[in-house]
Structure formats: C-alpha cells, structure tokens
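Every chain is named by a letter (A, B, C and D) in the order it is written, and numbering of its residues begins at 1.
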Amino acid sequence: MHASPWIHRSFTAPFTTTGRSALVPPPPWHYAGWLLNVAFRFDAAAAAALVPPAAGQATGRGCVHFADWQATTDGHELLDPVMAQYRETIVVLELERPDGSRCMYCPAIWVDQDISMLRGLLQGWPKKMGSTWLTRSLPLDHPAAAPCRAGSRLGASLAVKDRRVLEARATLTGRPGLPLGFLAQPTIGAVGWPDLRQPRQLPEITLLRADIQGRVGGDWFDAEATLHLLPHPAEDIGLLGELSAEQASAGWLGITVTGALDV
Amino acid sequence: MHASPWIHRSFTAPFTTTGRSALVPPPPWHYAGWLLNVAFRFDAAAAAALVPPAAGQATGRGCVHFADWQATTDGHELLDPVMAQYRETIVVLELERPDGSRCMYCPAIWVDQDISMLRGLLQGWPKKMGSTWLTRSLPLDHPAAAPCRAGSRLGASLAVKDRRVLEARATLTGRPGLPLGFLAQPTIGAVGWPDLRQPRQLPEITLLRADIQGRVGGDWFDAEATLHLLPHPAEDIGLLGELSAEQASAGWLGITVTGALDV
Amino acid sequence: MHASPWIHRSFTAPFTTTGRSALVPPPPWHYAGWLLNVAFRFDAAAAAALVPPAAGQATGRGCVHFADWQATTDGHELLDPVMAQYRETIVVLELERPDGSRCMYCPAIWVDQDISMLRGLLQGWPKKMGSTWLTRSLPLDHPAAAPCRAGSRLGASLAVKDRRVLEARATLTGRPGLPLGFLAQPTIGAVGWPDLRQPRQLPEITLLRADIQGRVGGDWFDAEATLHLLPHPAEDIGLLGELSAEQASAGWLGITVTGALDV
Amino acid sequence: MHASPWIHRSFTAPFTTTGRSALVPPPPWHYAGWLLNVAFRFDAAAAAALVPPAAGQATGRGCVHFADWQATTDGHELLDPVMAQYRETIVVLELERPDGSRCMYCPAIWVDQDISMLRGLLQGWPKKMGSTWLTRSLPLDHPAAAPCRAGSRLGASLAVKDRRVLEARATLTGRPGLPLGFLAQPTIGAVGWPDLRQPRQLPEITLLRADIQGRVGGDWFDAEATLHLLPHPAEDIGLLGELSAEQASAGWLGITVTGALDV
C-alpha cells in the first residue's frame, strides 16, 4: 500500500519533502536597506537593445540604485545574518507604456548572494553576481561616519567579474530628497527559462511586476551626484552610452514582496 | 513602418537583442576539471525526503564529487578565466529505476560561480552557492605537489554559508581507479520554477538527464578515503545520516553537455 | 650629480617615493562602526596559553565584539568604500596588571580586509582573516530592520577558513546598555616580527596600547545574548573552554587612533 | 614557585604557548604551482619611484608572474586545502647591482590569502590583497583543457579592490620555454615595519633575498603573450607606463624557502 504520495515542499530547488534546503523560501519576502539612488538621463534610442517594445518605449530617464540590504522571511535569517545580508546594484529605465502611463523596467542588476540572485530571476530582476560597495551613513558626528546631513560624502561602486562597471559619488545637500527610480514608479521585468530539452530555442519571456507592499521609511536625503559607466565585455548596459546624473537621494527603506502581477 | 520585430538573443536573463549579457550562453558547454570522487554507503531509507519516487528508489549507495572545473563555450572564457573557472561539490545517490535499471540522482550540489549555478538549475543539478576546496595534483616530485602516485594525500572540503558541510581526505594507492558516481552512471535531476503570480503554489518538477557527450580522460587514480558529513541548519543532506566511504578515485575529466533529455 | 637622495614615503610596504601604494597610510585612522558586544565569563586559568604574564593575569572576564566598520584617513576612502569598509570579530580578555589596575588584552581577532589586517598587526591586534556577519539595526519599523528597541533580535557569526568559530544571538531589552570590553578599559596587545635571516628564532614581543582618541557615540543599547565558541583546528581561542555570556550591548561608535603607547 | 617562564611558540601573531594560532609557521615553506610568466620591457627611468637605488638600477626589463600555488610546511595543509591554496600576481623588475651583477626586485605583488600575505611581507615581497585568475592547463585533449601543446591559449588577470590592473593572454608555441623573471635571477625585496609609538617616522627598509632551495620542475612551455597594465588609483605600478611583452612561458614549479639572506 502506498499510503501517501511523495510531495516536495520546496519553492525552488533542491526539491525535498521538508523544503528546508530550498534556496528561496516562498514570499512574503521582507527587505530593509540603505540605498543611494542616482537618477540619470541618457539617449533614449540607445535602450533599444535592452527593452522589449512590449514593455514600452524608453524615455531617456533612468536610475541606478546601490543598495545594502537585509532580508528575511519569518525573522530567522536576522539571527544568522549570512543568510540575510547582501548588496546589489540595480539599473532601471523609465518607459512610456502603450497606454501612455510611465513605469520602470530593469534591464540589469547585480547582487552578491545566491538567495537574492534566484529570488530576483523569479521576479523579472535579471540578477547576475557582482560586487557592490556603498558608503553607509552612521548616526555619529565623526570623520568616518558620513552622517545624514549637508556636506557628507558617499561613494558607491559595482564590479562584475573583477571589472568596475559603475561608480558614483554623492554629496548630501541637507535638503529633503525624492524617491527615485523603482522607488517612484512601478517596475516591471522579464522572466524566462530555457528548456534544455530544446536547447536551440530561446525562452519566451513574460513581463511581470513585483507586488511590493508595506513600504516604510522613505525619508530621502537629497544629494548631488556624479555617475560613471565603464565598458565591460559581457555587459550590454554599456550600450546606454553616457549616463548624465541628475537628481540623487539616499536613505533607508523597508518593503515586502508578496508575489508578482501580470503587466 | 516597423520593419523587424524585437527579438532577444539571450538564453537566460537579462534578455537583450545582442544576447551578450545573458548569464548562461546556450550549449554546447565544455567542461574540463580535476575531481576527487568518494563513493559511500548510507541507510537507503534515509533518502526518502530527498528523492522523488518517480525517479526511483535509493539503493544505499552514493558518491561525493569535489571538482575544480574550467568551462567554456567557444573558447573565449579561457582567455578571461574569471569567466571559466569554478569549484563545486556534487552529491549523487544511486537509484533503482522502476524498470530495474540503475542511475544516479543529484539531491544537492554547491558551486562558487553564478554562471555555473544557473546552468546547473537548468539541467536539474540543484545548485546553491558553497565554498569548495580540493587539493590539486601537480606533475612534480615536491612536498607541495601531491603528484599522482602511491602515498600522495589529498584533502577536500565544502562550506555553505560559512559552515563546513563535507570534509574528505584521500590517499592515492598507486593503483588504477574507477569512475564513480555520475562518472559511472547516467544522472538525473529535477527542474522546476515557481511562478510568482501564484506564490502559494509550489512548482511542478520535471525529471531530466543531462546529455553528456565527448567524454575524454578518465584515467582514474585509486584512493582510500574518509568522508565526514557535518550538520547544517539549511541543508537536508544531513538527513542521510552517516556516510561510510567506500571506494575513491581522483583524476582529470573532460565532458561536453549539449542539452537534456526526458527521463 | 645626485642632487637628492631617494626617500620612500610609505608607512608600510611597498616602499615607493610617492607612498601611494602603501597598504596602510600613517595615522590618524578614523573608524566608525556598528558593534555588538557580548561580555563573557570563563575559567581564568584557561587563558594561560594565550596571555603573556608580563601583560597581567586573566580575571576570568572577557568580551567578544562583532563590528561592522567604516575607516578613513583623510576622507578619500569614503568615496570609494571598497577601501573603507570591513567587518571583524574581536576577542579581549580582562587582565589584572602587576600594579593592580585592570585592562583588556587581545589574544585573537579576525578581519576581512588587508588594510585592516596589517594596521591591526602594527597595533598589537593579532589579526588574521575571517568572515564576520552581524545584523544591522536600521531606523525603520519593519520586519527586516531590527530597529534599536526592545525585542529586536540580532545575530552574529565568525568563520575562519570556512569553519564557524563564534556565534552569538542577542535580543535588545529597550534599556540603556554599557560599554563593554575594549570600550570600557584600555586594551593592550603584543607586536612582534620575525627576522627571516634568523628563521629559527621566534620574535620578541612588545606590549603596546593603541592610543585611542576622540571617541564619539556610545549610546549603547542593552541586550541579552548567548554566545557559542566552536572548536577550530588552527585557533587557540578554543582553549578558553566554555564562554558564558553575561551582559551584552549594541550601538554605534566613532574613534580615532593616532599611534600607540608603551605599556 | 614559578617553575618555568612563559614562552610563546608563535612565528607570527598571535603569540601563544602552543604557537598553533600563529598565522605563519616558521620555514621551511614548500610551494608548488602553475605559473604564467610574461617578460616585458619598459622605460627604465620610469622605475625610479619604485626601486631603492641601494638595490640597483632598473634595466628596463621585468616580468609579471601569474601563479596558482599550493603551499605547505609539514604536509598538513594539503589535507585541508583552504590552508594551502592561493593565487597571486608578482611583478619583478631587473636591476643592475652596484657590482655590475643582475638581479630582480619586487616592487608589487598581490595575493588572495592571509597566510601568504604576511609570509610575503617577511621576505620582502610587498604583498597586498588582489584577485588573480589564471587559465590552467589540464592533461586532456578537450576544448576546456588548454593542454600544454602548440596553439593552446591561456588568459590571466589581476584585480585590486575591484579594479582590473593587469591582463595577459598567451598562446603556447609548442617549443620549450625559458624560466623568466624570478625564475631566472635571484630576487630581492624590501622589508620594513613602522613603530606606532613613533607614528610620524617612516620605517627603515632592509633589503633581503629569499633563500630558495630545492627547485623542481621547470620544463617551461614557450608562449607568445600580450600584456596590459591598467591605471589604478592606489597602485604605483602604473608609473611604469606601457609594458611591452617580450617572451612568455608557462609551466609547473616547486620550490622551498628556508629563510632570507642579506643583500
């Protein structure tokens, strides 16, 4: 007699009956972090290679987010922070949607942790590994603290496969700042998985929008910033050409992702 | 007039018209590496949580492979080896298939590079990140070289999220060795991707067998080995209980993966 | 004519006329960070192997500090934070000095950045490389933020050469906390360099006390904590036996080191 | 009664009575590795900032070595290879000594392991941390193996603090090659340690030559190579200007360092 069927409880591989080994547990996923956001302008035509027209048309505006995250599901990751903490660099481009509305689209993003990498791919954030560094602001009046006040300076960088791709520098102005990029507009991305049984066929892509809830924080600190995009042999983001930094802001943010929605 | 539709050329995300940024290019994928293989026995019943019955029934035999790989598609990765090299630890368990034949099944595997991690997930190798170390054998008569001859000693270890999970030690016997584990039997794995639009639903899994071609090398060097499995809070592999090392071998191997087959 | 002699301007190797390549620039060194401090009791006799009697006699009290630092000399490192940020785990033991006074002594410390490693060795902090993780407290009311208030939970861990050595968990009580360990008492350490021209001779050690100035912050948050010391084949810290956590605190701190003093 | 004085047994910090925790054990240090050596010419005058005249005058020749090492003292590190393996990039410049003889001098070297970093500083190899990648040659006839025969192509790179500094590509010619750089001539370096009690004083440097014994291997494979030196804000090696690759070779080498000699 075969009393009970074998049922795996894994949201992602490996698939086991406990689900404990799964790299990514199911949502909700709670994230809190420190971000530096640098909005930029670029030649909208240059985005053609990066943005599916079904998503919309690039407007020539975008944003780079450098983020230092802490993520958890039920809290246990905060007790073993090697499971919780990671840094990432997010590029989003503003699109005009077919219906005339605006949104953001993520053509490139790099992270330094496996859990986040796969969790991103599921949401349409096309994550690869990269090394992000970002000055933190500590609540101290000290030369190494970069406190949240006028004149404090922050730096950020992204390297992919041992090569610098993005560098930013920012000076806080002391004024309130704006949410920028994915903080200001809904953001969509493309999900797709090839099937190795038909290895000549490229995957069909589905446009999704992460369902972001319960945002807290968002007291952004305004900044003046510079942004540098460097050439990289394996990164199409270089096709955007020169990125001209406009507004910038820094601050803390908490969000919860509960799933994804069709676009 | 919109002459040509937008077509992405990416095998995996991100999806761009050049395909250049895709983390994983399409197969064929050529791999060459140095491996330490430690076959083990364990209590077959302990595999119940790890192996879908549709794949087969565990026989109580398995193998750990510690591998130091170099991988390439068209050769360009060998000119920039940060793109080509990685290390991984592979666990495979022998199954008896419903038709009475034998195969291997991969319930757990850890790698240290993003390209390989995603490439593995596509094949049914449920890769997560881990840190593998493996003594190399150099063609020198020197105390640090561990040459391929009787008496040379090798060590290997796997750590996941800063905790040791597997440790092995081996002494070459000077005799010819055997291909073990996935080197001796076809190996199957489970592929599945959750859909975030239905986040309460766990993914259906598909059993696949990687299509491995063009094997070269395989002059295995026999070894006597010990194997240690340590507890880890996020790894079900510990459910296997004690692993009792049997045969072991070390050597170089080249293979090419061209796609995957239904099981 | 040889007008001017060749003078190097490096505080540490490599030695060049610009001094720009030197791994460590001269002090002052400004540090700001987030720390979790866990004071512990242990069997004082167990420290005999770790503490030179010339430094004093262990009292059976000590402290582990998990620290997430940002360091700078003239501010330029904050603009390129890969130069500024690192994490470390510090163990200090309380000593009774020959004159009856109390101080701390550092028998073991692990860091994840080269600059800090050498800078530590110069000060008598015997740094080796290790991987430290420490939950951060973000000023947000969010499940992933661990804000500085009663009930927030923090975790910390140290791994050395891929093995866990220390693990701590803490719950903030909501009460004000105490400076502990090196935050409460002057701390001394041993400096010594072998001379490879006499490789059989072990180095003589000099006891130094880092000259710490300009402390800011120190609004410590009280915590209840547990502490776990795990065996490691290359770490004498295990000789201390069981560490019994007493008080704990967390908070931000800024300090400046200007040099070192004889003990 | 105080029967026996406290004696530490550590070659380097930390200083304990067991010596077990010492980052670097005393020599002999046995090294075996795979190396790519690229000899280059450059403008000799450009070395003025990097070479103490007491060492000699640069001739305008030098060599970059990319090395993938395995090191051990008594063999135990080979059983736990996280203790044994590391990669490094070595730059040496040829000098004419005051007595007319020739030698090499090491102005810059980067490694990825703490043990090797400190061991280098003791020998006059001014090591800092860096990320080295180097294609390996495996004894297989396979597209990913780069076997030691005419036409095989190798790549190598160095990144320091997330920026590329050196890149090389080589094609094996099938002819026997030459030992180059530190493999061909004795190599000297500068050792010096600042004293933090006098933090305004830069250290005096001592020129040493590592005492290298028991060389084995050295069947070098000739290669044609290109070499690229990229600018880095914290690396004086860029002062050398353009490096024009001459000869190159690859192969396995074993050596033992027993101490150092005065120059």
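Throughout what follows, contacts are C-beta pairs under 8 Å (C-beta built on N, C-alpha and C of every residue); 3 or more make two chains touch, one makes a residue touch a chain.
Note that the coordinates shown come from a computational prediction; the quantities given were computed from them, not determined experimentally.
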Practice problem: Note whether the interface between subunit A and subunit D is symmetric in residue numbering, meaning over half of all numbers used appear on both sides, and answer same or different. | Solution: same
Quiz item: What is the size of the turn, to the nearest 5°, that moves the C-alpha atoms of subunit A onto the matching ones in subunit C?
Solution: 180
Self-check item: Between subunit D and subunit B, distance of the C-alpha-averaged centres to the nearest whole Å
Solution: 33
Practice problem: Compute the distance, rounded to whole Å, between the mean C-alpha positions of subunit A and subunit D. | Solution: 39
Quiz prompt | Distance between the centres, which are taken as Cα means, of subunit B and subunit A, whole angstrom | solution = 29
Quiz item: For subunit B, which residues are shared contacts with two or more other chains?
Solution: 80, 82, 131, 133, 157, 162
Exercise. Treating touching as the only link between chains, describe the layout with one word: line, ring, star, complete or other.
Key: complete
Practice problem: Would you tell me which residues of subunit B are touching subunit D in their complex? | Solution: 30-34, 69-72, 75, 78-82, 84-85, 131, 133-136, 138-146, 153-157, 169, 214, 216-217, 252-254, 256
Quiz item: Can you list the subunit A residues touching subunit B in their complex?
Solution: 6, 8-18, 20-21, 23, 26-27, 48-50, 52-54, 80, 82-83, 107-108, 113-114, 117-118, 121-123, 126-129, 161-162, 190-194, 196-200, 202-203, 205, 208, 210, 233-237, 239, 258-262
Quiz prompt | Footprint of subunit A on subunit D - complex, ascending | solution = 131, 133, 157, 159, 162-164
